[in-house]
Amino acid sequence: MSVTALSDVVVRIEDLQKSFDGRLVLDGVSLTVRHRKIVAIIGQSGGGKTTLLRCLNLLEQPDRGLLEVAGETIFSGSSVQCRDLAKLRQSVGMVFQKFNLFPHLTAVENVMLAQLRAGVPEQDALEKAVQLLRRVGLGHRALAYPEQMSGGEQQRVAIARALALKPSVLLFDEPTSSLDPESTAEVLRVMRELAEDGMTMVLVTHELPFARDVADWVVFVDGGRIVEQGTPADVLGKPRELRTRTFLASYAAGQ
Amino acid sequence: MSVTALSDVVVRIEDLQKSFDGRLVLDGVSLTVRHRKIVAIIGQSGGGKTTLLRCLNLLEQPDRGLLEVAGETIFSGSSVQCRDLAKLRQSVGMVFQKFNLFPHLTAVENVMLAQLRAGVPEQDALEKAVQLLRRVGLGHRALAYPEQMSGGEQQRVAIARALALKPSVLLFDEPTSSLDPESTAEVLRVMRELAEDGMTMVLVTHELPFARDVADWVVFVDGGRIVEQGTPADVLGKPRELRTRTFLASYAAGQ
Amino acid sequence: MMFEVPWGEYAPALLDGLERTVGYTIASFAGAAVLGLALALLRVSRHRALRIPAAIYTEVFKNIPLLAIIFVTYFGLASAGLKLDVFSAGCVSLIVFYAAYLSEIFRAAISGVHGGQQEAAEALGLGKISTFAYVVFPQALRSALPGTNTMLVDLLKSTSLLVTISAAELMSEGRLITSATFRALEVYLVIAAIYFGLCYPLSQGLLWLERKIRAGVPLTPKRRRRLKAARAILEGAST
Amino acid sequence: MMFEVPWGEYAPALLDGLERTVGYTIASFAGAAVLGLALALLRVSRHRALRIPAAIYTEVFKNIPLLAIIFVTYFGLASAGLKLDVFSAGCVSLIVFYAAYLSEIFRAAISGVHGGQQEAAEALGLGKISTFAYVVFPQALRSALPGTNTMLVDLLKSTSLLVTISAAELMSEGRLITSATFRALEVYLVIAAIYFGLCYPLSQGLLWLERKIRAGVPLTPKRRRRLKAARAILEGAST
Amino acid sequence: GDSKTPVSDAAAALGTLEPGVLKVAIQPYAPYTSLVGDKMAGLDADILNAVAGKLGLKVKPELTDFAGMLAGVQSRRVDITIGGVAWTAERQKAGLFTDPPYYSPPAMAVRAGEHYRTVQDLQGKDLGTVEGYVWVKSIQAVPGAKLHAYPDGNGVFDDLGAGRINVGFLDPLLVLAAQKERPELKVETQYLTAPSAADVKAHPAYQYFQQYMTAFYLPKQATALEKAISEQIRAMYASGELTGLIKKYGGDPAQFLKPAPEIAKTRQGVDRPADWQPPSI
């Protein structure tokens, strides 16, 4: 990565460490995500991908390291620096594997909730929510409850929900791995559009073809460390590390 | 398909019709599955694949048509011919998308249950169950409960369970679509071994690469009809029908 | 043999008793729900120091007969110098008893809300209180409803035990009539029918409410307005 | 003021009452569980003609006070020519009442077993009865346990209402002591303590059982032998 | 309430919980105690109403059950409880009893056509009473007899009617009232020949098969009130007021208002002075 203006950096992670019950799960991870870039994180199960993502909005508190999001230091040394956790989380949208929509609220209310809690006036929040649902192709489903929607629709509502507070970066944790191929296609289409609109994204995924297609940067994580990173063409096409090659081979075998 | 000895036919379906609430879901399906062959059924969601599979062991009762399994006519005209439903189902193993293991029983007990109910002596059933669990690579997990196992392990136990009564044919309904890539690979490996051992299988799947690799025959179902069938190379490689091509294209886009 | 009791004469007294029964039920249930929710929150807390006393409370009150609680609250506390009036003593007894049961129901409902919900809410920047109020509580309420409703009906029936502290509710009136007429069976059948007439519509009404809520029908005017506004926007576009 | 009752003298009578309380509890609970299961099976049936009477039964008995049921069973049936002895009448009352509640719990538990389970069992060639006995029932039992256990403890406490028909159980004995000594409060406290002494270990024991079952500990000797045999085969291979 | 009614000094000196007011716990126990509107009615109620009137006290009844009556007195929630309460040596340890407003003859409720005259006739029979009544002990002492104790008199009558018991021991006016209200039960009143002194000596519990003494029950602290009420009761014996009330409820004044010879001894030196004499007409 070449040196760019600092203002260009949306997420900066330096030497991040995190352990659970004394077991190191993130072991000195450093990573920079620039404005309008898409970073795909790939790797074996249990490698620490989800944990890394969750540290970025402090759903998980690291043990040590530096975390900067949208120009603000939110964690440094071994303590949280961020005064307003709510504000941080508003600037970091998150989309989960299991969608985690609020089942008691309609799609449009799911998208409105965070805005209302953040003080956006009712009518503005509503209009914004409808606009976002239309953007993900679900204007006609605005009044449906999650359980009345297919998995793909739910995940698209979850994306709209994550976008509602205009985050500087969107985090995705295996957004399509609970979905059938058709729903996967729907969701990936929406994500591709977001990418084209210049959204900054960090994406944990098993969809290597998609990663190859849309990501600007691919990071292979294993055993809590970044083993290899680079352009998709490099990491997925001509991996340098043995572990990366093994992983890619096992992936190909599964297909 | 060339004409072969009748004894070679494990499953024969002729002009099968089934409707739900007046809506035709299977609309005159005919299909023959021969001994030691693997038939993959592919197609859009809602096309009737699951319904077709479920008719084969009369979990769903067709409206009209002919069904022969292992040389016995189990359904003809518009009525069930099969006297002993239990015997039919023992000769047709079934593996579900959601595994459907019995959560209150250990892996080995899951595999034993059907044998015990079928009158197999305790010790024989136990030995058989352990042997089958070893065959799917889970001898060491025999005493685990389903919730203590990963999805891939659960599905392999489900396969062992389906094999316990030595069925003439094994039905799989999207056996890997609830699984992550690694677990998918595990399960596909086991299925490939079964194929090599000469098990007759009917497989509904979205794993087109796997279908291409192991299936002897691919059937594309849409709107309750078989639109196209043939060798994997033909159906997946040079499909004749427009609908097949559209389906394969949308599948490729999703990847 | 039946209906030899001059019910017309007793109707005003019974109506009076009925009114008291309803009064006890409403006041006690409201109190029990509040106390039960507080106990449930203590019991899902991360701190043992909060969890344990709440657990002990629940165990104690779940395991002694309500009659004993009523007796001790009214007479026992009086001997100790705290003289609650009948209504307070009756309500306090019912509250402390049913709060124990309700806290179990609420606790199960709260911990039954999927962990992902809390996480999703936090990831959206909702604070702890907002997360509870807008995400966890509404879902917990839904799964707690059936059990809670059973308890409400049970509480209504249990007001009959307040006889012993001269609460003058329905059952007390029944006993008075019995003693005057010596027609216990007839009186008990009529009293049972009155209780049924109270409880059955109540439980059916609650079931109806349960179904409405499960079907996602908006119950507050605010939500109804919001959904109407959403519909207006959506339809405005389609015309 | 406290403990002026010569409890030593009354101990044999109390023990007697205790024994009867336990007897009523065991007999009634067993009966209520059987009837409740039968009702639950009717209520999950596909036939309206079976579902509806069971539903009516449940609604009726859930919505009238137990006290009224006890009274009608003992005295009412007697006036109608069916003279049950105290024990039978007491048990019948408790059974018909608690069966209504238990049937609700069982029904929810049975219909809560995932449809895929039934399907998987049928696909393995298990018949309807085997499917219920070996697949649905054990899982339903598991989810019904907490509610069922609450009802068992509740039933134990409710035997105190049998006082109405002079069942000579614990509460009746308590009343006898009260009227002999006039020390109502003391007696109630002691009786409450005895009930607590019965109910608390019972509910804790049931909780323990619940945990065992949830942890998959085999409870029948047959299953224990089977798992031991499996372990033997597995270890035999590894040595 | 209507505290405007002036409370006389004499009434205030009685030390009731609320000056000028007599809080009375009763249970539904017609025709001894009952509640009509907010006034109490029945034999015991009429007697106490008359006494309270003379003492300048306003009666405030509270309807409860037997346990509640006792606990109400002991926890000082009420001033007094009434309603066929029998005096016993053990009970008097837990409070104060007034002089007997009347005496109760040993009446039995039996099914029409059956005859029981002596304690011997009761042997091996099913005998019912209300739990807490003094007869519980007496019945337990009868050889071979089976005790059926009910929470109230209705159980006794119903089971007598249903044939589950042979004899019901109840307060005499209760039997008379039930006979009138429920003729279909075919219950009759019979009087037991009191057991001989020798019998009572052999079975001390038989004493309750003799005439027994009712009284009003008050908390230990209420000595002034108890004394005042006892005085008024004695005055009512003398004035003939009690004779009138007993007659009003169908009782025989000779049975109800003349103590048997043993009565005096039971309380002398227990909760009364050694020279105490039971009131009589």
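Labels A, B, C, D and E are assigned to the chains in the order they are written; within every chain, residues are numbered from 1.
By definition in this document, a residue touches a chain if its C-beta (ideal position, glycine included) is under 8 Å from a C-beta of that chain, and two chains touch if they have at least 3 such contacts.
Note that the structure is a prediction, hence the values are computed from the model and not measured.
Visitor: Going chain by chain, each one touching the next, work out the least steps from chain B to chain E.
Guide: 2
Visitor: Starting at chain C, how many touching-chain steps does it take at least to reach chain E?
Guide: The fewest steps needed to get from chain C to chain E is 1.
Visitor: Going by the contact rule set out at the top, which chains touch both chain A and chain C?
Guide: none
Visitor: Averaging each chain's C-alpha atoms to get its centre, pick out the one most distant from chain D.
Guide: Max centre-to-centre separation from chain D belongs to A.
Visitor: Calculate how many whole Å lie between the centre of chain A and the centre of chain B, each centre taken as the average of the chain's C-alpha atoms.
Guide: 36
Visitor: State, to the nearest whole Å, the distance from the C-alpha centre of chain C to the C-alpha centre of chain D.
Guide: Between these chains, centre-to-centre, one finds 23 Å.
Visitor: Between chain B and chain C, tell me the centre distance in angstrom, where each centre is the average of that chain's C-alpha atoms.
Guide: Averaging C-alpha atoms per chain gives centres 51 Å apart.
Visitor: Based only on mean CA positions, could you tell me how far chain A sits from chain E in angstrom?
Guide: Whole-Å distance between the two chain centres: 84.
Visitor: Would you mind listing the residues of chain E that make contact with two or more other chains?
Guide: Each of 67-68, 71, 74-75, 154-155, 158 in chain E touches at least two other chains.
Visitor: Find every residue in chain D that makes contact with two or more other chains and list them.
Guide: 1, 75, 79, 184-185, 188, in rising order.
Visitor: Chain pairs in touch?
Guide: Taking the chains two at a time, the touching pairs are A-B, A-C, B-D, C-D, C-E, D-E.
Visitor: Provide the residue numbers of chain C that touch chain E in the complex, in ascending order.
Guide: Residues in contact with chain E: 1, 71, 74-76, 78-79, 83, 163-166, 168, 172, 175-185.
Visitor: Looking at the complex, which residues from chain B come into contact with chain A?
Guide: Of all residues in chain B, those touching chain A are 44-45, 177, 180-182, 184-185, 188, 206-207, 209-210, 250-251, 253-255.
Visitor: Going by the contact rule at the top, pick out the chain D residues touching chain C in the complex.
Guide: So the residues of chain D in touch with chain C come to 1, 59-60, 62-69, 71-72, 75-76, 79, 101, 104, 108, 146, 150, 153, 157, 160, 171, 184-185, 188-189, 191-192, 195-196, 199-200, 203.
Visitor: In their complex, what parts of chain C are in touch with chain A?
Guide: Residues 114, 116-117, 119-127, 130, 134-135, 138-139, 142, 216, 223, 226-227, 229-231, 233-234, 237 of chain C touch chain A in their complex.
Visitor: For a test of understanding, state which residues of chain A touch chain C in their complex under the given definition.
Guide: 57, 59, 85-90, 92-94, 96, 98, 100-104, 106, 108-109, 112-114, 117-118, 122-123, 126-127, 129-130, 139-140, 142-143, 145, 161-162, 164-165
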